[in-house]
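Written out below as structure tokens is the structure these notes cover.
Letters A, B, C and D name the chains as they come in the text, with residue numbers starting at 1 for each one.
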């Protein structure tokens, strides 16, 4: 599964992109966030407040309780601030 | 008193501007319209349907029952259609 | 800054838009009205009331500036003979925030339609006819006076 | 015609506005968002999600085209490093009638704020901070879904 990070999520983790292979128990975006928090201090810091995170699966916004399903690309980021 | 006419009012009367000296009984814009209708066939045609006319006194829109007061310039025209 | 112009020369969008630069601006909204070619219209003639027209546009620009705290307003209206595709009117508003610029721009074009002394005559081939005022324009201008939802 | 662009080059208003020419158009509305210099901001950096951004803008443009029968839509968003006064975003809509162009333009900028993956980082001298999303933007986007008055 390819993960993308943007804005302060990217900065805290220290990379904008990584490949991960989460265990089968990781079924939703929220599960993924909780699992990622265990990977490194940077990941833990980025995932510390899930309510401040937003997600997209295969380039579509999804709620955090969305199932990962057959997701190829999952992105995690703060609420958007364009325009 | 200087009168200005625009659009089809101007066309029917045959001029865009004229000086008039209405009698003292002409006190409102509506009075003026009724009086103008007696001046010529062109005036009569232009003033035939007062409800289709709009007016300005000294370059401010006024309702047809507005008093002429010390008006220097009175304009008669159809509803505006700019923009 | 308020800028008002009534002119028979074509409206140059790039010039008008560039003139909207104001320090502190966060949003710029514009509206451009064009002569439509539909209904078989081949030409349009715009008549106006010199002197009163400029006053009416300035009054609208001043009211909008106050109501929406605008940093700048431009109102340009073309008069005389035009062809389908030509620009008739250009409105530009500048504000700190987008909502003020957008609302003021929409208000100005709605009110210009009912409050400024312009008259349109359309040509269709050999026939010319004065355009009738539309009730929908009066309604569009009036809705700004209604209580906001 | 729908035109969407996400680019680090400055937004050229004259070019964007000229590209909005569409046969049959009666009204063109535009909105331009600028980097404000207030609050001591000295620079702005725009990050985005390449691929998803363009998809999100195209989806918004298509929805607006259908809802307001638009003849044309342009959405241009700048990314990368900017300075106060620079243009961040340009929205242009073309319709037969003014109301459609104006409403669609306002809707597009409201929805772009909540539906497109951009993130702003402001610089104030030596300090940089990510801009927090504002509840007012979510409210502005949501008001379009409410029943109309």
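Of note:
Convention: a contact is a pair of C-beta atoms (placed from the backbone, for glycine too) under 8 Å apart; a residue touches a chain by one contact, two chains touch by 3 or more.
Only a predicted model underlies this, so the values are computations on that prediction, with no experimental measurement involved.
Shared contact partners of subunit A and subunit C, listed by label, are D. Compared with subunit D, the chain whose C-alpha mean position is the greatest distance off is B. Work out the mean CA point of subunit A and of subunit D, and you get 26 Å between them.
Between the CA-based centres of subunit B and subunit D the separation comes to 48 Å, rounded to the whole angstrom. Remark: subunit C and subunit D have CA centroids separated by 23 Å (rounded to whole angstrom). In subunit C, the positions touching at least two other chains are 33, 98, 109. Each of the following residues of subunit B touches two or more other chains: 83. Annotation, chain-chain contacts: A-D, B-C, C-D (touch as defined at the top). Considering their complex, residues 13-14, 17-18, 21, 23-34, 36-38, 85, 96, 98-99, 101-102, 105-106, 109, 140, 146, 149 of subunit C touch subunit D. Residue ranges on subunit D touching subunit A, taken from their complex, read 33, 46-49, 51-52, 55, 77, 88-89, 109, 112-121, 130-133.
Only residues 4, 6-8, 10, 56, 59-61, 75, 77-83 of subunit B touch subunit C when the two sit together in their complex.
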